[in-house]
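Report on the structure given below.
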Amino acid sequence: MKHMIFGESHGPAIGVTLSGVPAGIPLDLAEIAFEMGRRAPGKSQLSTARREADEPQIISGFFEGKTTGTPLCALIQNTDQHSGDYSQLKRMPRPGHGDYLGYLRYDGCNDYRGGGHFSGRLTAPLVFAGAVAKQILAREGISVGAHIRAVAGVEETSFLDVPLNPGLLREIAEKPFPVCDDGRGASMQQAILDAKADCDSVGGIIECAVLGLPAGVGSPDYGENVEGLLAQQLFAVPAVKGVEFGRGFAMAGLRGSQCNDPIQVRNGEITLTRNASGGVNGGITNGMPVVFSVVMRPTPSIAREQDTVDLETGENVKLTIQGRHDPCIVHRAVPVIEAAAALAICELLGI
Amino acid sequence: MKHMIFGESHGPAIGVTLSGVPAGIPLDLAEIAFEMGRRAPGKSQLSTARREADEPQIISGFFEGKTTGTPLCALIQNTDQHSGDYSQLKRMPRPGHGDYLGYLRYDGCNDYRGGGHFSGRLTAPLVFAGAVAKQILAREGISVGAHIRAVAGVEETSFLDVPLNPGLLREIAEKPFPVCDDGRGASMQQAILDAKADCDSVGGIIECAVLGLPAGVGSPDYGENVEGLLAQQLFAVPAVKGVEFGRGFAMAGLRGSQCNDPIQVRNGEITLTRNASGGVNGGITNGMPVVFSVVMRPTPSIAREQDTVDLETGENVKLTIQGRHDPCIVHRAVPVIEAAAALAICELLGI
Amino acid sequence: MKHMIFGESHGPAIGVTLSGVPAGIPLDLAEIAFEMGRRAPGKSQLSTARREADEPQIISGFFEGKTTGTPLCALIQNTDQHSGDYSQLKRMPRPGHGDYLGYLRYDGCNDYRGGGHFSGRLTAPLVFAGAVAKQILAREGISVGAHIRAVAGVEETSFLDVPLNPGLLREIAEKPFPVCDDGRGASMQQAILDAKADCDSVGGIIECAVLGLPAGVGSPDYGENVEGLLAQQLFAVPAVKGVEFGRGFAMAGLRGSQCNDPIQVRNGEITLTRNASGGVNGGITNGMPVVFSVVMRPTPSIAREQDTVDLETGENVKLTIQGRHDPCIVHRAVPVIEAAAALAICELLGI
Amino acid sequence: MKHMIFGESHGPAIGVTLSGVPAGIPLDLAEIAFEMGRRAPGKSQLSTARREADEPQIISGFFEGKTTGTPLCALIQNTDQHSGDYSQLKRMPRPGHGDYLGYLRYDGCNDYRGGGHFSGRLTAPLVFAGAVAKQILAREGISVGAHIRAVAGVEETSFLDVPLNPGLLREIAEKPFPVCDDGRGASMQQAILDAKADCDSVGGIIECAVLGLPAGVGSPDYGENVEGLLAQQLFAVPAVKGVEFGRGFAMAGLRGSQCNDPIQVRNGEITLTRNASGGVNGGITNGMPVVFSVVMRPTPSIAREQDTVDLETGENVKLTIQGRHDPCIVHRAVPVIEAAAALAICELLGI
């Protein structure tokens, strides 16, 4: 299964084509809408006030309620665009944003309106593709779910330290602010509102688990290992600046005896009695839940004045970004990370 | 440029084939030997006492002192094998090692002697390939160098906080324990010896910089972004459990105003005045040094007794690993990480 | 540059996404329409009477008259569908058509209406993609053009035996029946009408030339050789059953002295004085025009009664196909072959 | 399964690495030697008098008599090199050979001795890889076998016109000159000797069948269709100038009613009653034997004087090639084509 995402924030539509989808999958459209809704903005003070319908229209690969096996293409119309004056954006790239990179990479020919192809809006078709992938994986008994492990320095318990099951993942997915511990979630939300009040933004960590994956999948080699395949998909999500498996970066302060997960027979089956490795050793699944985290950088669009350059005059200028922006995108990114993970798992399984 | 690594720890030889190498590169064999030597074991109490010659024999793609443009293959003979009794290893997988994974993934048909294809020894051909890649990149004015950012919880200054230049990278590369601050390095080494005395091992963080890369390389899209291409190569290095760019996971506690690197004109050129992003935004190089870190898990081979299973009897057993092992592989992994990075940068540049 | 084609004959739309398009290409939309028109049906008695507007709507990757460098997606609405009763088609696959294959491959879940994803209609987005590729190649001085070398056993002179130049290719492209020799073309057209009168169809050979390609491109190795890259694209065109380079299959009756193109200095430049090899040796361009041919099988939709199976009852039945069909698609396929070739050449050049 | 071939005719060794080989395959080394022997030269007047041992040494991926699942690498030492004076070859490229292309493509840095990486000798590791692939396919009930359909204009019956079974394919494979009809074979051999007497060489057509492949494999789309995958591998074999499926180029003179293979129930199973399509429609296997042909150009090394250029002086010169050469390589290429086909079928089946 391969996917190709297309579109720009202010073009007529954005979308995705998925090839290699197995034939005969009866897509649950309500479930797809549920996933799209988790990512959609405009639901609280924590997000931008923009409202996007985000209703994917499937234009191929789906017939009489089932996937056909030939490429599945979905379009999402762009509707809530403020077609105002973008000339400032063209001249004065926003620090931390794709604007300056689009200018560098595409010789100034990129569609700069609203971030163009760099816009976080492009994660909507990714969530669509991931929702399809999740339904395919569900038929194999595999579930993918994530929570917010940290926001603005406020942390909650890791998935490595709680018993995981598909029901728990679903329960978290249905929360407007997807955490295990709603108390910690409230502190995180307060930290977001504090940053917003400061005309600033915050980042965080999303931790994701894949349950039900068989042991012995992957390879130690380049292009075939579990971590590499997941990381390749995860780093394609805007704002992801790091990926770690199991205890990840904390392992720099741990000892081998704390990281070697003991192999033991329990109830007649060989299992590991700890999951410091996050379900993967030597690039291969070991039968434990695959658990990894990504760090999302703070949203670059902040209301306070910033230093940039006027590309036309070549002079240093002060920039104040107008408009509706997210002080934090971590909570909206949770289904996006799940989507990227689901696509990687399909790839890993040769689906 | 693509590479394919082959071999097992106790087979006749290991090696690598590199296809797509540009023609006419006059390989500096002494420089390749220098890189191989940085990785080689047996040089101090910090590493295993095993001695491996690690002399790559180039058998194709190199003619009259230059690359031919057709596939370059190098073999490294396996010489210092203790051809003892490996039957224990076959029956009792070492926790945290590839043994159990090889058993699961390859239906018990893997070559289990000395870790087989999972052995850290397989990083020797990777260093060879990376040494070739580095020489190709050097012709484009690009240099790649890394240091130990942390071992066993002992940290030193990040590359993000010091002025970087090729000379500094070379100076660090020539050190037996590659750090910026040798005082911090001494503390790290003491921590390694402490762990060794405890029959245990430690992990650490390697931070790597790529200098001289042009701005505007990469893409926000899957399979084309700088972070994804680097991560794919880096996660293929054994023991890597996390990859982060710029401030990486620390961004979960930072604000947008601390992460948006200001764009400014300095001496008539547009530049960024900070490098929190590690040289990449939107999947594209921004002209600053590309700086990323990987975490290496503690070496799984430890001398203390561990819990595992006897695969033949299906019973829980105590395992004590014999033989010569590294209490830490972080310092030996520094050239390996550089090699993986160099290969990824070649891929990124379409070399 | 990669492309992904999606859609079915009777869905809402068909289309293509092109990623990796260079930024800043000022697409000539009239020229794209010209290419689409060459493929469009409904223009003479030689083709189906169906009329398809085939107006591609670009929905991404094109901004202010130029390509943006991010994925370019074009949609073509399906309009002239006879939404009649397709139940016969579902039950009784047409011999030689994709119907039976869709049933086998996609577990009977394929969209069978009008051939679905197997429909020749899907070559319309391919022509769009090729038209973009041609405009990119034109900037490098490369032109791609084809003619009908044979139809129904009626042949005309090969491109290997006439002096080739871009003007000639353009002249042929502008003909409704693209041949060098219109007299031979008239005989071919008569043969098509004869077959039509017999309720039958005919096949033919399209020969294509690529001019202006630099010498020394490609490689002898798998996945990198000129012939393999072209063949991979050409065999993805429906009805192509063979691909040959230069004298191709005729070489089975020739001698080495007739096939070794002499290398000679002419006017101070090294060139070949013959082109039996079709511009490629050892998988690498030799500086002569790259000339190859494809054979197109006779159209499978014929009006005469055929033997097939009723998939529902499992009984042998007689099938008579109703509707509007092409007695020959060779002339309409000429721009399709050029499109596939242009995409392959972009791939070869690393565009 | 991917393979990477390396080496040059006059380097220390040539070889191949196969990754993705399933674990636990008990390789039959005698069968591998049989395949290598079919390709080996020096057996009759029809081939070069050179003798090459061609004994592959497996250096990884094979342990205790079975494949390990990790990369399988085999080396073949180069032994019978006449280390004479190759300076003529460097200066005066042989028409039709890789010499001139190597010079163009690799900036004159290619190893020109004996054709270097362009040498037909490089098909030895391909045959090795194919022999492994065949053994994997045999476990799935799939067999691959070819015959010489034509040499020097002398043809024999097509595989499309005889009942095919694995026994017949094996019987042909064991012949020194692999044809169905030994009488036709004798005429072909005479034609080869006639050309040799004329200091010339001849080409031919190899037709190959794949039996036992399940119906419904492949896809109409680029990069996934049966024809494209096979062609990509086949065109990587030196001297292949064309690939056709079923009736192939003859379809240009046939009608639809002759090419549409009727679908019928026979003995309770749906089958086709003819195989004009060569077992593939719409890029998907239809359950009939997959039958395709390749044309091999006449060997470029001929003893008669030829026109070429002295690259050093830039003057036209007469070249007379010395040494031991094949007047025809078609019969030696039969196992090579089977090898390429076996690798493509593994790819098609996702092995």
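Structure notes:
Letters A, B, C and D mark the chains as written, and numbering starts fresh at 1 in each.
Please note the rule applied: a contact is a pair of C-beta atoms (placed from the backbone, for glycine too) under 8 Å apart; a residue touches a chain by one contact, two chains touch by 3 or more.
Quantities reported herein were computed from a predicted structural model and do not represent experimental measurements.
When chain centres are defined as mean Cα coordinates, D lies farthest from chain A. C-beta contact counts were set side by side for B-C and C-D; C-D has more. One simple way to say how far apart two chains are is to compare their mean CA positions; for chain B and chain D this gives 39 Å. With centres set at the average Cα position, the gap from chain C to chain D is 27 Å. Each chain gets a centre from the mean of its Cα atoms; for chain B and chain C, those two points are 47 Å apart. Residues of chain A in contact with two or more other chains: 5, 19, 70-71, 105, 117, 219-221.
The residues of chain B lying in touch with chain A in their complex are 3, 5, 93-98, 100-102, 104-105, 117-118, 122, 150-153, 195, 198, 200-205, 215-223, 225, 227-229, 231-233, 235-236, 238, 240-249, 251-265, 270, 273, 277-278, 281-284, 286-287, 295-302, 304, 306-309, 311, 314-316.
Interface of chain A with chain C (complex): residues 2, 4-8, 11-15, 17, 19, 23-24, 57, 59-61, 63-64, 66-73, 75, 105-111, 116-117. Chain C contributes residues 19-20, 70-71, 219-221, 224, 350 to its touches with chain B in the complex.
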